[in-house]
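Note sheet for the following structure.
Note that the chains are named A, B, C and D in the order they appear, and that numbering of residues resets to 1 at the start of each chain.
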Amino acid sequence: MIRVGVMGAAGYLGGELLRLLIGHPGTEVAHAVSTRFPGRRVDSVHPNLRAQTDLVFSAPDDLDACDMLLMATPHKATMKLLPEMRGRAKTVIDLSGDFRNPDPAVYERYYGVPHTAPELLGAFVPGVPELFRAELAEADLISVPGCMASAAILALHPLTGLIGPDVQIDARTGSSGSGALAGDANLHAERSGALRVFAPVRHRHEAEVARLTGLNARMTATGVEAVRGVQVVCHATGSADEKAVRRAYRKAYADEPFVRIVAHRTGTHRLPDPKLLSGSNYCDVGFAVDGDRITAIAALDNLVKGGAGAAVQCLNIRTGQPETLGLGFPGLHPV
Amino acid sequence: MIRVGVMGAAGYLGGELLRLLIGHPGTEVAHAVSTRFPGRRVDSVHPNLRAQTDLVFSAPDDLDACDMLLMATPHKATMKLLPEMRGRAKTVIDLSGDFRNPDPAVYERYYGVPHTAPELLGAFVPGVPELFRAELAEADLISVPGCMASAAILALHPLTGLIGPDVQIDARTGSSGSGALAGDANLHAERSGALRVFAPVRHRHEAEVARLTGLNARMTATGVEAVRGVQVVCHATGSADEKAVRRAYRKAYADEPFVRIVAHRTGTHRLPDPKLLSGSNYCDVGFAVDGDRITAIAALDNLVKGGAGAAVQCLNIRTGQPETLGLGFPGLHPV
Amino acid sequence: MIRVGVMGAAGYLGGELLRLLIGHPGTEVAHAVSTRFPGRRVDSVHPNLRAQTDLVFSAPDDLDACDMLLMATPHKATMKLLPEMRGRAKTVIDLSGDFRNPDPAVYERYYGVPHTAPELLGAFVPGVPELFRAELAEADLISVPGCMASAAILALHPLTGLIGPDVQIDARTGSSGSGALAGDANLHAERSGALRVFAPVRHRHEAEVARLTGLNARMTATGVEAVRGVQVVCHATGSADEKAVRRAYRKAYADEPFVRIVAHRTGTHRLPDPKLLSGSNYCDVGFAVDGDRITAIAALDNLVKGGAGAAVQCLNIRTGQPETLGLGFPGLHPV
Amino acid sequence: MIRVGVMGAAGYLGGELLRLLIGHPGTEVAHAVSTRFPGRRVDSVHPNLRAQTDLVFSAPDDLDACDMLLMATPHKATMKLLPEMRGRAKTVIDLSGDFRNPDPAVYERYYGVPHTAPELLGAFVPGVPELFRAELAEADLISVPGCMASAAILALHPLTGLIGPDVQIDARTGSSGSGALAGDANLHAERSGALRVFAPVRHRHEAEVARLTGLNARMTATGVEAVRGVQVVCHATGSADEKAVRRAYRKAYADEPFVRIVAHRTGTHRLPDPKLLSGSNYCDVGFAVDGDRITAIAALDNLVKGGAGAAVQCLNIRTGQPETLGLGFPGLHPV
């Protein structure tokens, strides 16, 4: 039984980590840490966990040594917390934005402040099993990419030799991506039905995509009606025809347990749509070709494959358990 | 030209008052008062008013004398504000909950605090033109009922001799009813898709319904997905058959400009649905009869006929203008 | 391994049966029968089952003998199909409306046509484990109640000695309840955001509630925005205080694996809301008391505890497997 | 009084034409033609028109001569209908896709069938007042562009000298764009919450954009949750800085009554969002610049400025009435 500590356990990503770990036959949640709610029952904040657990939130200081520490704390706070916390566990998986880019200058450009732990940046392995499975099996520091970056990386990775170097990524995200803290912009009456282009240029996740695909990635991001889900539509040019593109995807993902190729000619569900993926750890990828233009599409649940599920998949790999353990929920239709 | 001051102009009801008054050929907005945003452009808070107005929010102290004062300030605050503000205008129309019930004991029971201006309570005429048109033409203090109360009063008023005395009202309301201030409960991710029974018993508006219909009204309230809109389904018993019920509605509302009887045997839109009423000042009423059970249904836009539109309708009556002036928007389909 | 046949497998309830049975360690789907799509892959209709199964729909005639037959075919059709199909399996679980009421006169009153297999009506055990667990362990014919009836029965059953005899049930349901066949009324543009009172009086499910609770149940039903989910708010009178009501619920449900009591004083999630239950087999029940008025509330996923999940729970009981097998998904938050 | 005939009056665009024309002080609806519902009351199909009109649908043969004929009939059908109908009115405004491209080869490439009235194609003036006001004042044949094309043309037109030649347009559209006829793909349960990339490459409207802007336009289209509304995000490269881009928009649209520049540095509503525009005839345009990358954004209501409202604006111009007549509704907030 792997003893796991979760920091930031009262947030939305923290809640998904708890749901997955409580339902996981090989893990035990030793601590669910929350600075806001220490002493409160976990299910008073995450009501879907009623009857699943009697766990109570701990304060950060109560965090004892455990086998694995999962950090779902906010960016900027995490780069300060992690150096002091990493001693409490052999392996740390960070879900924040703070350790995704090895170059502190990139961090400062996209996050607007200097990095406070630059010496650690180079030590993190990206939490993308499809690209770094071998490294993850031995990593002690793992950084899960941003949800939109994960989708774009999985959409583009098989095509890196066939397209480029420029790629324009149009990313759409549900409201849970902005977290569990209330603000004017995520008030229901304001956000409901919105198509809010909140990053018309230079969304932060473009740096992660550029680094892991080698492409000149540019990302625009729009908030959409859904609570969960991310979809990316990536526009590139290249000389590959549809057959070659399909072959590239098949080669890359034939044996991947959590990537499905969804690229049919007809049907309502012929291309990736996050509506089908709520709660599941799948990333669906698809494509279309028109002359020299190649469009790559991916969808995932931002809180699962785009966060907590990817972290659990990494945990499984790191601890030598079956990679799919605890991640079997396939999603619902209709929903 | 009627010079109007609006207090609480930065809230959702305030925004609707501004939209209606700016588009109204007989009124001029002299002051849009906001304690939060004095000095800011009105269209920076109400973006639908871009290109409609260059108005800037005033501070409360800047409010000069005007012909009519419309108060869309919060309950509990309004009973303190109104006594000092009423000298600035001949007529005051209050949209808050503070002056709806003449009995201060009822106020205290439903709002949990003693009323601070009980001497004024008896002076208000309810802002329901369908019941109090003559009184409104001469009233200097007008209190618009709550949105769910307005719907229930219009659904039940024609039936008062035919049903009762008990009536169970099931009220459903969109998220704009809880206002423009962000809180945990109206975060998009929490409210989206919710069916939240926030008042399983004793919703405040039941006292207003009881008073104006003479029925023993009990109200349960549920928050639903929509941003706008209120629907009430009222359950009562009586001996009237369908024909008699229809006759009662026709008699009551044949000449009413803003009440439509919607009670068809077939069709998707056979009974009142607030989906059709966004932005309009209509209240649709309908009914069904099964033996001794009579179900009365009403729908309206909580911010228009359930608030700002009713206030403008009262303003029109009070100032001798055509009652429908500035209230012509019929609503959209589909939307 | 229990070999199961599913009829009506291309509908929404059929799809949920397949999802649950494919993920169930003790069952094997022998046939997924569809009259519309024989020969097509199951995952072309239920895209959430991609990578879960290579199953192909069969024609009805291809249905071989199996251990258990689950029927998710339409009402009126099922009463004709079931008599000829029941020979193919020892046990039949019907999810349609055709065998829920033992009295054929009740069927005719609510469905508008005479029953064509009245001789079978008395042989069915209701698929409500909380009331009929012992009988279900030996039943060969099981009829799962309607989704709104299931919610109301679980809300009201513990109170039967404390309230009554009249109860007014206000039921709300998502769009999946009207099935997978397109029609004018369930077009997205028409249904989105609607509050459609489609049964202002005499909803069919009231007969099932009346029968299984002994109360004089009356049901009004409204279609709401959600795709999944049912909520019932039941209004009754009685002399029990809050403590007695809570005690009655605890007594009834303390050991039930799929009923949770949700009745808190505060908090966004203090009463049952189907938003939390998508994909789960829980029915949450709650209540409020105001003088002699008792309000009972329940919520469930109409396709799971209100249909396919209840059927699998019955299958587990009937076949001597652990009752919760294959039904472990707890639902998501937020979603 | 301009006597207007509307064909296709039972569809969603037809319904919006009727709403606008009935509320318009200078027009009279002489005929509302529907092949599906001749003899039925218009408000039985468009329930928002209850109490606005007693109009009844006519059959096509009943269409008498009128001053202006507005065609909201389906593409492919319209190219057959229009030649025989144009004799009934001096001016015809077509809202279908059939007369938007002067080159019949372009029509065949995008619509898959040869054009049956190629001789008429050259005679149509595009229904874009911002580009063709003078021509529209004298045109007898007017073709309103597609909703996504209109948005993209207004977003890109001011930039044509500053960007190009390539532009990638990411278009998003609500469900009313697929019309009022039910089908599997627009069933509520399937469409609700979907992010459906229905045209990953080569959406039809790209040809219209290319023609009217001179750019090499490529369009991808995604169906989103909303019922109404279109948003386009256009990606191009160029050397203009933010100041120059803003100047170009101001120069183009300073005097336009229905185009607003929405490009603020901060605020929830800093860029165009169709959520604010339901029912209004505004097209909001905005932009962002990052080095050599220029992103242009536009939003409109697909049924108003993207269809019926643009047609009425053209009608006003053609008949010498004030251009904004009957188009004053500003949209709602929140909604």
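Keep in mind that, in the parts below, a residue touches a chain if its C-beta (ideal position, glycine included) is under 8 Å from a C-beta of that chain, and two chains touch if they have at least 3 such contacts.
Since the structure is predicted, the reported quantities are computational estimates derived from the model, not experimental observations.
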item	value
Of B-C and A-B, whichever chain pair has more C-beta contact pairs	B-C
Maximum centroid distance from subunit D, chain identifier (CA atoms)	C
Distance from subunit D to subunit B - Cα centre to Cα centre, in angstrom	35
Whole-Å gap between the CA centroids of subunit A and subunit B	45
Geometric centre distance via CA averages, subunit C-subunit B, whole Å	38
Sequence positions of subunit C contacting 2 or more other chains	12, 176, 180, 184, 189-190, 192-193, 225, 227, 334-335
Residue ranges of subunit A touching subunit B (in the complex, touch as defined)	12, 174-176, 180, 182-184, 186-193, 225, 227
Touching residues (chain side subunit D, partner subunit B) in the complex	12, 15, 19, 23, 44, 46-52, 176, 180, 227-228, 260, 262, 267, 269, 276, 278-280, 282, 328-335
Parts of subunit D lying in touch with subunit A, wherever the complex brings them together	168, 170, 172, 184-185, 189-190, 192-197, 200-202, 218, 220, 222, 224-226, 229, 231, 233, 235, 268, 271-275, 286-290, 293, 295, 297, 299, 334-335
